[in-house]
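Structures for review follow.
Two complexes, one shared chain (subunit A), two partners (subunit B, subunit C).
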Partner chain A sequence: MTALSRPDQASPPAVNPRHRPSGAGTSRRRRVHGRDLLGALLSVPALALFAVFAIYPGLRVFYLSLFDYSLTAPPEFVGLDNFRFLATDPRFRETILNSIFYTVGTYLPALVLALLLALVLRRMTRGLGWIRLLYFLPVATSWVAIAVVWRLVLHPDGLLNQTLGLDVTWLTSSTSARWALVIMGVWKETGFFLILFLAGLARLPAEVHEAAMVDGANAWQRFWRVTFPLLKPITAICTIIAVIRGFQSFSPQVVLTDGAFGTEVVNQFVYKTAFESARMGRASAVAVLMFALLIAVTMVQLRVFRREDS
Partner chain B sequence: MAIAATLAVVAAGSAACGGGDDDAGGGNVTLTFWTHTHPPMIDLNKKLIAEYESKNPNVKIEYQTIPNTEFNTKMLTSLSTGSGPDIINMDDNALRGEYLPKRLLAELDPKAFGKSSVAEVEADYVPGTLDGAKDAEGKLFGVPSEFNGTAFAINTAHFKDAGLDPAQPPKTWQEVVDYGKKLNAAGHKQAFNFLYLHSGWYSQNFQTLANQTGGSIVSADGKTANLESEGTKEALRLWVELARTSGISDPKSSSRDATAPFQDLASGTQSMAIVYPWSMDQIKESNPDTYKNLAVVPLPQPTATSTPVNRVYGYFWAVNNASKQKAEAWKFISYLASQKERWLTDVSFVQPVKGWETSAPAKAMPFIDVIAQSYGTGKYDQVGPHWAEVQDTIRDAVDAAVFDGKPVDEALREANEAVQRSIG
Partner chain C sequence: MKTRVARFGLQLVVAAGGVAFAAVLAYAVLSALKPGGEVLAVPLRWWPSSFEWHNFARPFTETAFSRYYLNSVVVGVAVTLLNIVTCTLAGYSFSKFSYPGRNAAFVVVLATLMVPLEVIYVPLYALVFDLGWVNSFAGLIIPAGTSAFGIFLMRQSIDSVPDELLEAARLDGAGVVRTLLTIIGPLVRGPIAALALFIFLMNWDSHLWPLLVASDDEHRTLPVGLAAMQANNLGASSVPMMMAAAVLALLPTVALFLSLQKRFVEGVAMSAGLR
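Take a look at the complex of A and B:
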C-alpha cells in the first residue's frame, strides 16, 4: 500500500546539506553533543564497575608480581625474584607443558571435528535444530557436572572401558590421565565450535559454490579451494578462542584428577599457589606470564591468518 | 582465568568484614561459625546451636558448612583477608602450619570457661592433647572438638570367609599382607587399601607409616627436606608393598570421593582399613549392616617387637583474631566443649579431658580401649609453612611409586628436591 500525502500537508523544503542555515546546524550539533554526553553519563556506572573489578585488579596483579605477599603481612618488594623462581621451577614448567598438551590435544581435534560435522549438518534440511541442540548440550552444561559424570564413565569398570572392551585405568595413571581429560574435553567442546562453523557456513555465498561446480570442481576441491578459504575469518576466531579456552582450563582437572598424575594445569597452579600456599606475589607472576603468553600467541595467530588472507 | 583467580583474592582483601555483627554492649549478638561437612557432627552442632540460642536469646549463631575439598582453602583465604567467621573448627595441621604462625586466631579466653587462667583450662585435658592448638611460645588458641588416634578396622565376616580368626587380627604389616592373600583367595579382592582422596589424606597416611618407620618429611628444625632418609624411604616401600607389590588389592579401583571417605570399607568391598573413631560412626550411620561386622583393633606395626606408634590429630574450636566479639565467641565454644558426653555418644568424637575413657558413654562405646590406647602412643604430624605444597609433593611421590611403578628412591629424590624448594 502506498502512502499518499495529504494536499494540506506541506512537504519539507529541499535543503542542500552543504548549505544548511547556520542556526539549524548549531542546534543539531548541540543535540548530537547532548546525546553524546547523555550516553557517556549512562555508561559511567558500567565503566566504573569495569574499572574497579577488571582494570584495577588487573593492574594490581602486575604490581603484586613484584612482591612477596602472603595476605597477612604487608607486601615486601622483591623485584623480579618471583619470575626468576618460576624460570627454574620444574613444577611450573610441567604445568605449562600440561596446559599445552591439553590445549592442543583437546582443541585441535575439536576444531577439525566441528568443521567436519558442520559440513555434514549444513546439508540437512530437517531436524537440524534438534541436532544442533544435542551437540550444544554439553557446552551449556557446567564443567563440574560433566566431570562428575565422566568420572563414572572413566572408572576402570565404567562405560568407556566396557563399551570399547578396554582395561585402562584412565584416572590413576600418568600415561592415561591426561588423555582422559582430552577425551572428555573433545566431547564437551566440539559443540561450541560446531555452532560457530555452522554460522560461518550459512553466510557463504551459494553462487561461488555453484560456479565451482559448473567449472567441474569435485567435492574436495570445492571444500579446499572455496569453502575453507572463505571460512578463514571464522576459523581464525575459533582458533583464538580455542587457545584461550585451553589455557583457561581449570575445573575438569580439579574434579577429575585434582591435578594428580601429570594433569596439573597452569590455572590450577595459580589457584594453589595463591589460595592454598598464600603466595600471592608468585601467583600473580604466573598470571602475568600467562597473560603475556596468551597475548603473544593471539598476535601470532592473527598475523598468520592475516598473511594467508592477503 | 589465571588473572581472574588472583584478582579474586585481591578484591577479597579489600572487602574484609571480620565476622558477625559488632555488639560488645551486651545487646543482640550474631556469631558466625564454619565447619567442614561430617553429617553426624553437623546434626549435633545444629542441636547445640538451637539450645544455646534458646538459653541466650540475645545470641544468634549463623552456622555454615563447607565441602571438605574446599574447606581449608576457603577458611584460610577468608581469615587471611581479615574476614571469615567468628568461630572456626580446624585441624591441628592447618592451625600449626598456617593459622598460628600468621596470628590469625585469638588466644583462648579462660573466663569463658569459668577459669581464672589458661593453665586451669589445660589442667582439665590429658597432657599433650592441646599441643595441636599451641603456638611456638606455648600459648593456647583452641580446645578440641575431636581428638583422633589411628586404629585398624577388620571385617570379621570376611575374616570368617577366609578361615581367619577375627580375634587374632594382624599385628604387623606383613601379617596384613599374609591375611590379605587369604582374603583374596576367599573372593575378597580389596583386602586392604589406603585412602587416595586428596593430598591431605595421602600426607596423613604417609606420616602414619613414617612415624612407625622412623622417617620424617622435614628435619626437626623444619628447614631441610628429609624425604631421602632411610626411615622415610622405608615408609614408602611399605606403602608400595601393601598397595602394589603384594597384590592384595587394587588401588586403582578404590573410591576416591573425598566427600565420603571409607566408602569401600563401608560398602563391604574392602576387608581392612586404617580408621579413626569418627569413621566408625559414619559407617554405622551409612551402612549399619556392614558396621555390625566390623571390629576395631590396634594399628599394625612394622614388626611384632616394634614399640607401637600411631598418628594422632585433632580438630579445634578457635576464634578468629579479626572477630569483634571474641568474648561471646569463646562463651559459645565453652558451651560446645561442655557437651563432652553428647559428642561421644552422638558423633564418636572424643574430647580428651582427663578421665574421658572411664565415663559412662565411653564405656558404652565399642572399641574404646583401642582408641584410648592409640592416644598414648600417638604422634602429631609434622607441619610447616606452605604445607599444602609439601602435601601435593607427597601425593605425587606416592602416586608415582604406587600407580606408575616408579622406584621408591627415585620418587623420593624428586620429592625431596620439590619439598626443599617449598620450604627453602
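Take a look at the complex of A and C:
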C-alpha cells in the first residue's frame, strides 16, 4: 500500500514560479482549489455506482439476514432464526461439503499442476512458446459455453471415456458426477494459475538460481530451497484466489448436472433459496456466512504463509 | 547428458499435455461440423465424413440464439465503455488531485474487492427489482458500470504520468478534462486496452447476474440463453447444433486471446496484483 502513503501534490506556493500582479496569491489558491474540486468530482460517477450497487447491498445483506423477506412483502424481523435454521438444515450442510469438495478437488491439483508446468514452460521459449498458449486457451473460454462442450466430452460415448477406454457415466451417477466437475474445473483453471506462476517466476532474480547452481545444488534442491520460498507470496495470492473462485462456482454445476447427483454447491443453494423459495432473508444469511468464510480463509492463509516466511 | 535427456523428456510430456488440453476445443469444433450420427460414434471418430456447415445455422433458425448473441455484444460493449470512462475518471481523480477524503474513498473502493457479487446479489437484486430494472438492459449494464480493479489499475498507470507534464499543460491553459484527453489519455492507452479486454471477457462470461435480471428471451445474454438451450436440447440429434452454438459463443473471446496474447496475459497477471 505504498501508493496510499505518498505525499500530496498540494504545496501550491512552490508550484507556480510565474509572478502575478498583487492579489494574485489568494485568487491563485482559489483556482487551485477549484481545480481540485473539479478533480474530486471526477470520482463521483464511480463512487456513486459503488455506493448504490456494492456498498449499500453489502451492508443490507447483514441487515436482511435477520429478517424474513420475500421481496414483495415488507421484511419481518426474526432475529437469528435464519442462522439457526441453517445450522440444522441437512441440505445446506451438504452444499457446503460439496463446495469444499469442488474447491479442494479442483484447485489443489490445478495449483500444483500450474506450478510444475510453469517450471518447465519457463525454459521452453524460442520456437516452443506456442505450447504455453495451448494451456492458456481454456482461460479465454466462458464457463457456460465450455460446460456445454464438456457435456459431450463427458458423455458415456464421449471423448474422455473413448480416449481412456473407460465406461463411466460421468454426469448421471452420484459417485462420479462430482469428479466430472473437478476434471473440467482442472482443465479450465490450470491455465489461469499457470499465467500467474509464470509471471511470478519471471520476476525472480536469475542470480540466486545461478549461485545455487554453482554451489552444486541439484534441480530438486534448487526448486525446494531457492525457487519455492521465493514464490511463496505468489502461492499465497493464488491460494486465496483459488478458494474465492471455488466457493463462487455456479455455472459448471448448473450446466453439467443442474446440481443433481451430489453436486449442488452453496451458490446454487443461495440462488434457489432466494429465487425459487422466495426466502431472501435466509439466502442473505448464507451470503453472510460465505463472506465470513472468505475473510477467515484469506486471513488464515496470509498468516500461515507469513509465518513460514520468517 | 542424462539431465539433458531428462529435460527433453519432460518437455515432450508438457507439449503432449498442451495438445491434450487444446484437443477439447478441436473436438468441439469438429463435432459441430459432424452429421448428427457421428458425434457419439463408437469407436470415436475425429474427422467428419462430411462437413455439415449448416449446423452453424441451426442455432439461429431453431432458437433465439441471434438475440442472445446481440444482447451479449451490446451489454459487453456498453459495460466496457462505461468502465473505461468511470475507472479512468476515478483513477485520474485519485492520482492527480488532492482533496479531503480522497485516500479514504480509494480505500473503500479497494475494500469492495473483498466482497464478491456472490455475497451481495440478494439485496442487489431486491434493489434492482425496486428500481424496476428487472428484464431491462439498465439492470444488466449499470450495476456493472465500474470496477475496483479498473480504478486501481488506472490510478497506478496515471501515477506514472509526470506531474511536470500536467503542470506544463495547465500553464498552457488546458483544463482538467482537456489534460485528461490530450496528455494523459495517449500515455495510458495500454492500460486502458488491458482494462477494456479484461472487462469485456468478464462480462462475456457473466452468468449469475444476467440469469437474475434478464430472464426473458428479449434480454437474455449468451450464457443464460445457452444454458437454457442446453436444458431444452438434451437429445443426441441436438448435439451438433449445441456444439455449433458453444463454438460461436467461445469464438470472440478465444479470437481476442489469440490476437492480443501479450495484453491478455498481462491483464490476468495484473488482476492478481502481480505486476
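To be clear about the criterion, the second predicted complex is superposed on the first by the 268 of 310 C-alpha atoms of A that agree within 3 Å, B and C clash if a C-alpha of one lies under 4 Å from a C-alpha of the other, contacts with A are read in each partner's own complex, and residues count from 1 in each chain.
One rule holds in what follows: a residue touches a chain if its C-beta (ideal position, glycine included) is under 8 Å from a C-beta of that chain, and two chains touch if they have at least 3 such contacts.
Only a predicted model underlies this, so the values are computations on that prediction, with no experimental measurement involved.
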{"item": "Which superposed partner A:145 touches (first subunit B, second subunit C, both, neither)", "value": "second"}
{"item": "First, second, both or neither for A:114, with subunit B first and subunit C second", "value": "neither"}
{"item": "Per-residue touch tally on subunit A - higher for subunit B or for subunit C", "value": "C"}
{"item": "Subunit B versus subunit C as contact partner of A:154, first or second or both or neither", "value": "neither"}
{"item": "First (subunit B), second (subunit C), both or neither touched by A:90", "value": "first"}
{"item": "Subunit B versus subunit C as contact partner of A:277, first or second or both or neither", "value": "first"}
{"item": "Partner chain in contact with A:248 - subunit B first, subunit C second, else both or neither", "value": "both"}
{"item": "Which of subunit B and subunit C A:287 touches, first, second, both or neither", "value": "both"}
{"item": "Touching partner for A:78 - first (subunit B), second (subunit C), both, neither", "value": "neither"}
{"item": "Touched partner set for A:172, first subunit B, second subunit C, both or neither", "value": "first"}
{"item": "Footprint overlap on subunit A, comparing subunit B with subunit C", "value": "53, 57-58, 60-61, 64, 71, 155, 157, 247-248, 250, 258, 267, 270-271, 274-275, 280, 283-284, 287, 290-291"}
{"item": "Touching residues on subunit A, where the partner in the complex is subunit C", "value": "3-4, 8-10, 15-16, 18, 35-43, 45-47, 49-50, 52-58, 60-61, 64, 69, 71, 117, 120-121, 123-124, 128, 131-146, 148-153, 155, 157-159, 162-163, 187, 190-192, 195-196, 199-200, 203, 219, 234, 237-238, 241, 244, 247-248, 250-251, 254-255, 258, 267, 270-271, 274-275, 280, 283-284, 287-288, 290-291, 294-295, 298"}
{"item": "Contacting residues of subunit B [partner subunit A, same complex]", "value": "1-3, 5-7, 9-11, 13, 72-73, 76-77, 80-81, 98, 102-104, 196, 198-199, 251-253, 256, 386, 388-389, 392, 395-396, 399-400, 403-404, 417-418, 421-422"}
{"item": "Touching residues on subunit C, where the partner in the complex is subunit A", "value": "3, 7, 10-11, 14-15, 17-19, 21-25, 27-28, 31, 39-44, 85-87, 89-90, 92-94, 96-99, 102-103, 105-109, 112, 114-127, 129, 142-143, 145-146, 148, 151, 155-156, 159, 163, 167, 170-171, 176, 201, 204-205, 207-208, 212, 222-224, 226-227, 230-231, 239, 242-243, 245-246, 249-250, 253-254, 256-258, 261, 264-265, 268-269, 272-275"}
{"item": "Residues on subunit A engaged by subunit B in the complex (per definition of touch)", "value": "53, 57-58, 60-61, 64, 70-73, 89-91, 155-157, 169, 171-175, 247-250, 258-261, 266-267, 270-272, 274-280, 283-284, 286-287, 290-291"}
